[in-house]
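Scrolling down, you'll hit the structures one after another.
Note that chain A is present in both complexes that follow, paired respectively with chain B and with chain C.
Take a look at the complex of A and B:
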C-alpha cells in the first residue's frame, strides 16, 4: 500500500470530521458518553437505591400508589423492628431492660445476629474448602501432563454452567443418606464443592503464569518442596487466593435455594432467613429492606477492606519480578 | 572449591513424538576455580547441561561428579550450588535484604539472624546495593535486579556458580559492565563457574574455557584463543567471531614444499609447513576472517605477502566509530571485512582485498573438519612478516 503525501496543510484537513476534530465536537462526545454512563449506572444501582429508601419508609407509604421516589416521612421503624426481634429471639430482653430500661416487644421473631453467625460459619467454611481443594487441583493441572487433563478441565467448566437446582433432588437424597440434613457441615461441603471448580480455573491461570525459574531459584536456595510452597508460592499467590476465597464466600453467602431446602428454619442462613420476613398477606417491606441492609453490613466492611487484593487477583497482575 | 566433571552425559526428554535428545554424550572437565562457558545457538542443550550440573534435571545417562563424587541423584538443594537466572527470578514478595538472606536462612547450618544480616550487608556493599536493601524487586531497574540476583548467588559462597544467560535481559551498555564485574567477582572468589550464553563475544571475554555445543553435541572444548584460531570444524568457525567468516570452495594441490589453493577468486600458495603432515584432501573450504583482510594498496597490511587477492566492489560501509564493516561484492559472492581506515573508500569503489596465507583457514569440504587454522604472526616494524615455526 502506498501512502499519498499531502502537498500542503489543506490536504490534511480534508480528513477531518466535526465530531472528532473540533473542540465543540469533543465536548458533545463527552456529554453523550457521560449520559450513557449515567443511564447504565442508574440501571445497575436503582435496585440498591430502592432497597435503601424502602427501609426508611412507613408501611403505608410503601403501599401508596403511585410509589414515592424518596420517603416523605423518614422512619426507622423497619430497623427498630429488626433489632427488637433479634434481641428478643436471641434472649437478650432482660439484659436490655436492665441496662437501658426499655421494654422490648416485637411481633416478628427472627434472630438476625444468629442468621449472620450461621451464614459466616457456612460461608467461611465453604471458602476455605474451595480454596484448599481448588488450589491443589489447579497446581496439578497446571504443572503436570496426564491423560484426560483437558476433559477434566472441561468438566470443571461445565459444572459451573450447570444450574444448581437441577441437582436438587439427588442432592436431597445424598444429604439424607449421609445424615447431613439440617446441618451446617452439609452446606459447607456442598458450597465448597460448587465453587471449587471456579477456583481451579482462577488459580490455574495464576500457576500457568508462575515463572518456573522462581521455583528453581527456591530449590537452589536449599528449600524443600514444602518450604518452596510455604515461603515462595503461597506468599506470591496471596492475591489470587484471596480472590478465590471471596468468590466462594460470596456464593455461599448469597445462596438461597439449597439453604432453604436442606436446613430447617432453626438453622437458617441469611438468604432463607430474610425470606421468613416475607410472610403472610401483609408483608412489612420496610422490615425486610432494613434486615437486608443490616445483614449486608458485615460483608460490605469485609469486602471494602480486601477488594484491592480481589481485583489484583482476578486480573492476574499478581506477579511482578 | 570444586572440580566439576561431566562424564558422557546424555539427556533425553520424552515428547509427544518420541524422545528428544537434548544433550548427547557430553564430557567436560572443569578444574577448580575455572570459568567454563557453554556456548551455542538456541536449543543446543547448553541450558539443559547447566540444569543438570545444578541438579534441576537428572541425566538420562552418564555421570555428573563434584570432586570425583557422583551427584546424579543429589537434589539441587543439597548440592550447595548457586544459580543466576536470565529473568533474575527474584522473589517479588520479599525485600532485597530477604532475597539475599533467604538462602542462608534455609541452610541447615544454624546461623543466627545477626550473622545472616552481617553477611548480607557485606555482599550488598561489595555489589554497591546497600541503598536498595529495603526495596522490593518491582522497584528496581534491570541492572539493579541483576546485581541482587548475583548477590543472592555469592552470599552463600557455594561450591559452584551457575549462570544461565544472566545478561540477556540487560541493555548493551550494562551488559558490558556486568560482564566485567562477573568476571572480576569470579576470579576474586575463586569459585568454579559454568556460564551459559549464545553470545560469542561474551563467551570470549569471560571464559577460561569455552565448550561449544550444537544439537546437544560438544563441538570443541578449548581456551577462547584456540577456539578462535583453531576452530575444530566449520560450525565453530562460523559461530565464533563477528562479523561472520568469509567462506569459499577451493581445491588443494601439493606443489613442492607448498600447497596451491585454487578458488574462484584466483589461486595462491601456502607453505606446506603451515599444514599438518598428512593432508590428503583436495576438496576444501577456505575461510577468511573479516579482521584479517586488508586492502592490497594500503600500508596497514604487510608489504611482503603471497596471499590471494580478491577484487570487490564496495556495496555497503557500516561505520562503527573506530572501524567499519565493509560489505563488498566480488565475482564469486560477497566479502565482508573490517577496516580501520575506511574513510578513504566510498560505496561503489572497487577495492582489492588480500590476506596473509597464515591467516587463511582451511576445512575439509565433506567432513567440515579443520585442516589448517589461523596462525598468529609477528609483524616487525618494517612490515615484514615472520612466519611462525610450524
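Take a look at the complex of A and C:
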C-alpha cells in the first residue's frame, strides 16, 4: 500500500511491488527522496549562500584557512570598498568630503558604479529597440499571411542560436567596418538584434491569442490600423511588452563575449569590468562578492517579474502555458 | 477594410502611398534589417574571411589563402586537445545537467511546497550574470581558500589543498561543474512545466488498470513530455557548445590548452594570437555544428506545433 497517495485506486493494482507497496519500501523511498532534495538544494543554493556570506566577511577572514562557513563578524567592508573606489575613480572625492566630511581612500581599483551606468545605458537602449522593432514585426507576422513568412520565422528562430562566440570574430570585423568599435551605440544595436527575434516570438504568442473581435470593434469606431495598434493593442499587451523588455534588458546586462571584444576598457559594461577585476592580481574575494551582489540586484528584480514568461521566452515561444 | 478611416496622421499618409501588398513588409523590415546586418551578415562574412590570411591589427592587409586555414585545423597541434575538451564539455555537461535538471524538476513538481517561489529560487543560477556565477565557482574551487578543497580534505578524498584550476589534468572539470549548476535549473523549469501540462486523470486511469508508478512514468509521463525534453536537450547542447564565459572566467582556457573548448579557442586565436583567418575557419566549424542543432530544434518545434493545433 503506497502511503503518499491516499488514493484508494491503488488497491486495485495487481502487480504489487516491494518498493511501492510495503511500509519499509515507502520509508526507503521517502529517505531517498529526502536525500535527493537535500543534495539538489545544496548544489543549487550553496554557491548563492557562499556569495552572500563572502560579501559580508572581513578581508582578514577571507584569507583564513580553513574558510569559515559562517562569518565571525558581519561587516560591510566589501560594499564600502566598492562604493569608495567608484567614488574615487569617478573623481568625486572632494565633493563627498565637502558634503559629508568623509575622507575617501581605497586601494581597490574597480569603478562598479561607472560600470553599472554604462550597462544601464546599453541595456535600456537594447531593450527599447528590441521591443519596438520586435512588436511591430510580430503583429504583422501573427495577423497577416504573406510570401516568405515561414522563412522569416525560421530565420528568427535560428538567429537565436548563433550569437555569442560563433560570430564574435566576424562581428568584430563588422564593427570595424561600420566604425562602431568601442561605442555603446554599436552594442545597443547588436543586443537589440540579438533579442528582437526573441521578442517577436514572445509577442507573436500574445497576438495569436488576441481576440480579433476587439480589433473589429476598433475599426467600427473609425480607428485606423495605426491607431488600433497604438491605442487598443499596445495598452492590452502591456504585461507582455514589459516582460519582453526585461528579457532584452537582462540579456544585455549579462552578456560578456561581445562587451569584452567590442569595447575598450574605458567603456566597459558590468560583465567585462567585473571579469578584469576577478582576473586581476591579488583578488579580494569579499569585494568581488559585494560587487557581484550589487550588479545582480537588477537581475533579481527582473526575474521576479518575468518568472511566469520564462519558459515561453527561453524556448522562443515553443512551449505555451 | 470596409470602414474608411477619416483621421489620418502624416505618418499614415506616407504609409498609404506604399502599395497594399508591400505594407506588411514595411512592418517586418526594421527587425529583419537589424537581425540581417548584425547576426546573419557576420555569418556570411566569416565564411568569406575564412579563406583569407588576416591579422587582427592590420585587417586591411588580407591575402587570399584558399583552404589554408582549414588545413591548419587539421595540422594545428592544439586542436586535438581542444576538440576532445569540447566533446567532453558538451557530453558530460549536457548529460549531467539533463539528469539533474529532470530530477530537480520532478522534485519541484511532486515534493516541494510553494512551487512558484521554489522555481524562482532555482532559476537564480541561470539568470545571474554569467561572470558572477563563474566567479563564485572560481572562488569556491580556488587552491588557497577554496571551500571545495576544504570539503574534499574533510571527506578524506585528498590530503591537502590542491590547485585544481592550475592542474592540466583537472582544470576542465571545475568549469563543467559550474556549467551544470547554471544549466540544470533551466532544464528543471522545462521539466516542471511539462509535468504541469499533463492531465492528472491519465494517471488515475492508468492506476485503475494496474500500472506501477514506473509504468506510469514510462508510458504516460515520458511520451507526453517528449517534445519538451527534446527541446530541452537541444538547448542544453546549444548553450554548452557555445559557452565561453564559464571557462574564460575560471581558467582562461589554461593552463596551456588543457581547458580550452572551441569558443575559447576562437577567442584566443583571434584576440591573443591575432590570427583572424584561422579564427574565422574555426567559427565556420562552430556554425556547422550549431546549424545542425538549430535544424533539429526547428524541426522538433514544427512537429510540436503541428500536434498541439
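Assume the second predicted complex is superposed on the first by the 241 of 321 C-alpha atoms of A that agree within 3 Å, B and C clash if a C-alpha of one lies under 4 Å from a C-alpha of the other, contacts with A are read in each partner's own complex, and residues count from 1 in each chain.
Everything below uses one rule, namely that a contact is a pair of C-beta atoms (placed from the backbone, for glycine too) under 8 Å apart; a residue touches a chain by one contact, two chains touch by 3 or more.
Just so it is clear, the model here is predicted, and its values are computed rather than measured.
Visitor: Touch check for A:116: first (chain B), second (chain C), both, or neither?
Guide: A:116 sits against neither chain B nor chain C.
Visitor: Looking at A:227 after the superposition, I want to know if it touches chain B, chain C, both of them or none. Which is it: first, second, both, neither?
Guide: both
Visitor: Could you tell me if A:194 is touching chain B, chain C, both of them or neither one (first, second, both, neither)?
Guide: Once the two structures are laid over each other on A, A:194 reaches chain C alone.
Visitor: After the superposition on A, what does A:202 contact: first (chain B), second (chain C), both or neither?
Guide: neither
Visitor: Counting residues of chain A in contact, which comes out ahead: chain B or chain C?
Guide: Between chain B and chain C, the winner on chain A residue contacts is C.
Visitor: Give one of first, second, both or neither to describe whether A:246 is in contact with chain B, with chain C, with both, or with none.
Guide: neither
Visitor: I'd like to know which partner A:262 touches here: chain B for first, chain C for second, both or neither.
Guide: The answer is neither, since A:262 touches no partner chain.
Visitor: Is A:236 touching the first partner chain B, the second partner chain C, both, or neither of them?
Guide: Once the two structures are laid over each other on A, A:236 reaches chain B alone.
Visitor: Quick one: classify A:40 as touching chain B (first), chain C (second), both or neither.
Guide: The answer is second: A:40 touches chain C but not chain B.
Visitor: Between chain B and chain C, whom does A:217 touch in the aligned arrangement: first, second, both, or neither?
Guide: The answer is first: A:217 touches chain B but not chain C.
Visitor: Overlap of the chain B and chain C footprints on chain A, residue-wise?
Guide: 219-220, 222-224, 227, 319-321
Visitor: Could you list, by residue number, the parts of chain B that touch chain A in their complex?
Guide: It is residues 51, 54-56, 75-78, 80-83, 85-94, 102-103, 106-108, 137-138, 145, 152 of chain B that touch chain A.
Visitor: Which residues of chain A touch chain C in their complex?
Guide: The touching residues are 2, 7, 9-10, 12-15, 17, 20, 33, 36-37, 40, 43-45, 47-48, 50-51, 54, 62-67, 69, 129, 132-134, 136-137, 139-141, 144, 146, 152, 154-159, 161-174, 176, 189-190, 192-194, 196-197, 200, 219-220, 222-227, 250, 253-254, 256-257, 261, 270-272, 274-275, 278-279, 285, 288-289, 292, 295-296, 299-300, 302-304, 307, 310-311, 314-316, 318-321.
Visitor: Quick one: in the complex, what on chain A touches chain B?
Guide: That would be residues 211, 213-214, 216-224, 227, 231-232, 235-236, 238, 319-321 of chain A.
Visitor: Can you list the chain C residues touching chain A in their complex?
Guide: Answer in residue numbers: 1-3, 5-9, 11-12, 15, 21, 24-25, 27-28, 30-32, 34-35, 37-43, 45-46, 49, 59, 100, 103-104, 107, 111-112, 116, 119-125, 127-133, 135-140, 142, 144-147, 150, 153, 161, 181, 184-186, 189-190, 193-194, 196-197, 204, 207-208, 210-213, 228, 231, 235, 238, 242-245, 248-249, 252, 262-263, 266-267, 270-271, 276, 279-280, 283, 286-287, 290-291, 293-294, 297-298, 301, 304, 308.
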